[in-house]
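I'd like to ask you about the structure that follows.
Per-chain residue numbering starts at 1, and chain names A, B, C and D are given in the order in which the chains are listed.
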Amino acid sequence: MFSRILIANRGEIAQRIIRACREMGVQTVAVYSEADRHARYLPLADETICIGPADPAESYLNIPRIISAAEITNVEAIHPGYGFLAESAQFAEICRDCKIQFIGPDPESMRVLGDKVEARKLAARAKVPIAPGSEESVPTEDEAARLAAQIGYPVILKAAAGGGGRGMRIAHNEMSLRVAFHSAQTEAASAFKKSDVYLEKYLEQARHVEVQILADRAGNAIHLWERDCSLQRRHQKLIEETPSPALKADLRDQLCKAALRLAKAANYVNAGTVEFLLDKDQKFYFSEANTRIQVEHPVTELVTGVDLVQWQLRIASGEPIKLRQKDIGQNGAAIECRINAEDPANGFSPCPGRIERFFAPGGPGVRLDCHVHAGYEISSRYDSLIGKLIVHRRTRAEAIACMKRALEEFEIGPIKTTIPLYLEIMSHRQFVKGHVDTGFIERTW
Amino acid sequence: MFSRILIANRGEIAQRIIRACREMGVQTVAVYSEADRHARYLPLADETICIGPADPAESYLNIPRIISAAEITNVEAIHPGYGFLAESAQFAEICRDCKIQFIGPDPESMRVLGDKVEARKLAARAKVPIAPGSEESVPTEDEAARLAAQIGYPVILKAAAGGGGRGMRIAHNEMSLRVAFHSAQTEAASAFKKSDVYLEKYLEQARHVEVQILADRAGNAIHLWERDCSLQRRHQKLIEETPSPALKADLRDQLCKAALRLAKAANYVNAGTVEFLLDKDQKFYFSEANTRIQVEHPVTELVTGVDLVQWQLRIASGEPIKLRQKDIGQNGAAIECRINAEDPANGFSPCPGRIERFFAPGGPGVRLDCHVHAGYEISSRYDSLIGKLIVHRRTRAEAIACMKRALEEFEIGPIKTTIPLYLEIMSHRQFVKGHVDTGFIERTW
Amino acid sequence: MELDKVRELIDMMKANDLNELEIVDGQIRIVLKRGSAQPVAQVVAQPVALTATESLPVGPPRPAPAPEATAAAAEDKPKLVEIISPIVGTFYAAPSPNAEPFVEVDSPVEENNVVCIIEAMKVMNEIKSGVAGTVRKVLVANGSAVEYGQALFLVEPK
Amino acid sequence: MELDKVRELIDMMKANDLNELEIVDGQIRIVLKRGSAQPVAQVVAQPVALTATESLPVGPPRPAPAPEATAAAAEDKPKLVEIISPIVGTFYAAPSPNAEPFVEVDSPVEENNVVCIIEAMKVMNEIKSGVAGTVRKVLVANGSAVEYGQALFLVEPK
């Protein structure tokens, strides 16, 4: 095991990694921007180092500064968290060149899975179902129209280098496709510095179901079952749960095995997630792979009892996975609500500002991964995620009841949060029945 | 299930019961004294009612006021929590007379188990080992001396109506016994209004191991394994854990079966605990039975996945226990630290006052049952327990590591708490090895 | 301004859980804010007032908060005291369903007059006024539940 | 107002968890606010100061906090400015192990003079003074790690 690692991230995931390291006896170096100077998780690290001003380009996204911090603090490895540099193959490569272990997969795996067109090809070769669509990125508007006519509308345009919902456009007919093609290219270019887009059949009323996997360098790979992340807004997840209420045992099994096939095909090492769309006819299609720890990893930790972040460190340090597939159970049900500093009543507009009142929920079944507190200043520079409330109970119905009472206990003010929306969702007939899809929140609120 | 119950308690256990009720859809009436008017758990109850001034005799211990509150709010049942009226057979009887369901065992069971001399006799009849000692309460000093000579020193004098360590005296020779006899009688009389004392062989370097049981009116009874509560100070528990590091499988089995035999013999219904002392030769002896939910119940909930408070309500409402003994596992290890507003560096003197700084731990493995917060005023009128920090991990070593980092995250000030002591204990070689007994803390700190 | 005055102000803030205090003297402006929302101060109308019941512990005497929470306003208004409930139970204004209420608005009362009955655990507890004066307001409806410390009547003392 | 009074006020603020305090004496105005502790205020010695490096983003200019945190004190003392590190790396006072340091205490510097080297990712970055004046203090030991925004030298500007 490493004796000392650097955490190239901030907020709740930096805190999460510090917690894992403290429990494992691994020393931590936490980097921070000037905006995060007073974060309460920093004193829990063994060393802290300011790497730049608030602007992420000058701090958390700045590779030279992070590598330099790693060098002067003599760490053996870097954990990138999620977001920022977590899926940058270039960063992973520079770490390798500098003889610093990147806690994640090899840059080669990151590159092939990070390019959505290449990932689709790899999935097809690994006999993982993919939605009908273009084999390569689509060069012209006319080519897009030809393909769409062949596949049938609606179709979705996606950035080849994409992620987080940006560069995506849905078209229901040729006219809207021709318009969407250019705006998708422009958005892709500005968000990912690469304008390539590709085209897929758009699945209506689909669920988002993803599979967590762990793989080591010795060739061991296991899955840790699925997470259902159908509750989204503009392709951004808000609520995640496991087990998925939509899967029967055999379908669950097929899905998990498909994820493992893709991981093997990509020579995948460390923790990763294979995302699928599940259509209303219970057919599933590969959607994308995420080569990092996910925001929603705690629900998997709760039902399996496996600490994913600790295993990321073990695998990166060369330890083989000692967990056997048959010992990975799905005990009970877990739900996560992402607490965002956003106003759901006002188009989810971000609500930066100072938190004056903060009273956290607790008691049986409740886990809170949260780095904010009374007196915390939420910066508009960063993500609006201020914490994750996760519950674990014996059944889905009990988990919903537990989440409801925990949300009712949770008081954050005066800034607005997504808590009131989640309270409505927990009581919504369709959510309670488990009958939701990725368009549910936008249709209903 | 009840539609509405009253909670005849305060603080973290009142909050715990409200949480259970909210998750079950049971309405709650919370009573409070004037000192607790601003408690944050009160708004989570469906109704609140002030029953008197801060003095417990005029509020939480005042049976007419509580019954009257139950009557005007039309509740079907009363949950007594722990402490206050929880073990008052008289209160349980009055509830029965008033046609209000007492959430606990029948007054008859409470009476026989509440009298320590009667409980010893019952244990003996149920073939549960008891330490050598007097069969009845000891009437005179001379009789005590005669018995002690027969049993062999050291001996312990205990109040027949006792609990919480009061009325207990250890004697190593006849002279100290004769002195102790009178002070034990006096203390018993003042604490329990009954001066009867009895005498037992005092077990040196013993561990305190107790078994959680659940029994219903239909005659089903299961155990939920043991809790090791050897870390005590003046017979008051500070840290509890499960599984006990001192038990091998066959001994654990014997202990749990003995507890069930006693429960059956007492016609026990609802949640209860049978306490044993385990001597250095791995022999165990019945110590006492507690006819209520225990402070340390969360460690059992975490390793078994069973919500004990919810089952208390189900059993009291007449539901049979649907859990089967073979499904009650011991998954992983759990530890609880009782966070007391006391100064360990100053003889554990209570530290009432206002909490100015309060930052709670969180993240994986952490459960916090705590009713205080920044701005909370700790009253000197009540127990110094301000919260319980409980962790659950796959192994005892991981649970200790998790507790350590959670304690390090926990900041409460300016009042003193037991947190610094617990941090030392978590790092103490003997605790880490599991080699402790009920005298460990007093010998070491 | 002397530092001692500032120190006194800080002590007042701490003692009363104020987290903001602003005082401007010329033209007078006072702003006081507390952490947990609570009324700041009650202007006490009169130093002594009593409530009592037979064979029941006596509730703490409590002068009624003046209708306007300023010293100036209080001086213009009659000073009222509350008769508060010393127990939890059901409030009855009259000795039996068909009887007249013990007291009504404008009824004169002496300290030992029974003003209502509170039923607790099937026992009818007579509640005495504890103050001599005139009933100005009945605060609780007949048959309703009252908690410990709840105000039952407002009385203008003699 | 004497400095002692200010110092006492600061102590009172710290001791009592005040994070704001305003006192105006003419006509009297007092504002006190309590809350969580945050550094209160720095008295700025001089409005402008610069740090710069070649081919590196320039760190925000930062005047040195005056040694005494009061305006009055600052007037008696030389006004010093900090040269701060615009990057994370290892500080070298001299161009090579055996060479003389670029600057020492009392060295005169011009804006474009190199004052040290900071190594980051095997690259030697020359850090320029950004201010003309006299070095009054070297704050970092040769070979030690520096973080972003760390003060390296104190310079008394011309």
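Following the convention adopted for this analysis, a contact is a pair of C-beta atoms (placed from the backbone, for glycine too) under 8 Å apart; a residue touches a chain by one contact, two chains touch by 3 or more.
Every value quoted in this text rests on a predicted model; they were computed, and no experiment measured them.
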For chain A and chain C, the touch-path distance in steps comes out at 2
Listing by label each chain that touches chain A and chain B gives none
Per the C-alpha means, the centres of chain A and chain D lie apart by a whole-Å value of 41
Chain B and chain D have mean C-alpha positions lying a whole-number Å distance apart equal to 57
Between the Cα centroids of chain C and chain D the separation in whole angstrom comes to 59
Chain A touches at least 2 other chains through residues 374
Touching at least 2 other chains, the residues of chain C are none
The chain C residues in contact with chain B across the complex are 17, 35-36, 57, 60, 87-90, 120-121, 145, 147-150
Chain B contacts chain A in the complex at 15-16, 19-20, 22-25, 40, 44, 298, 301, 305, 307, 331-332, 359-360, 362-364, 366-370, 373-374, 394, 398, 401-402, 404-405, 408-409
Within their complex, chain A touches chain D through residues 34, 38, 49-53, 58-59, 64-65, 67-69, 71-73, 98, 374-375
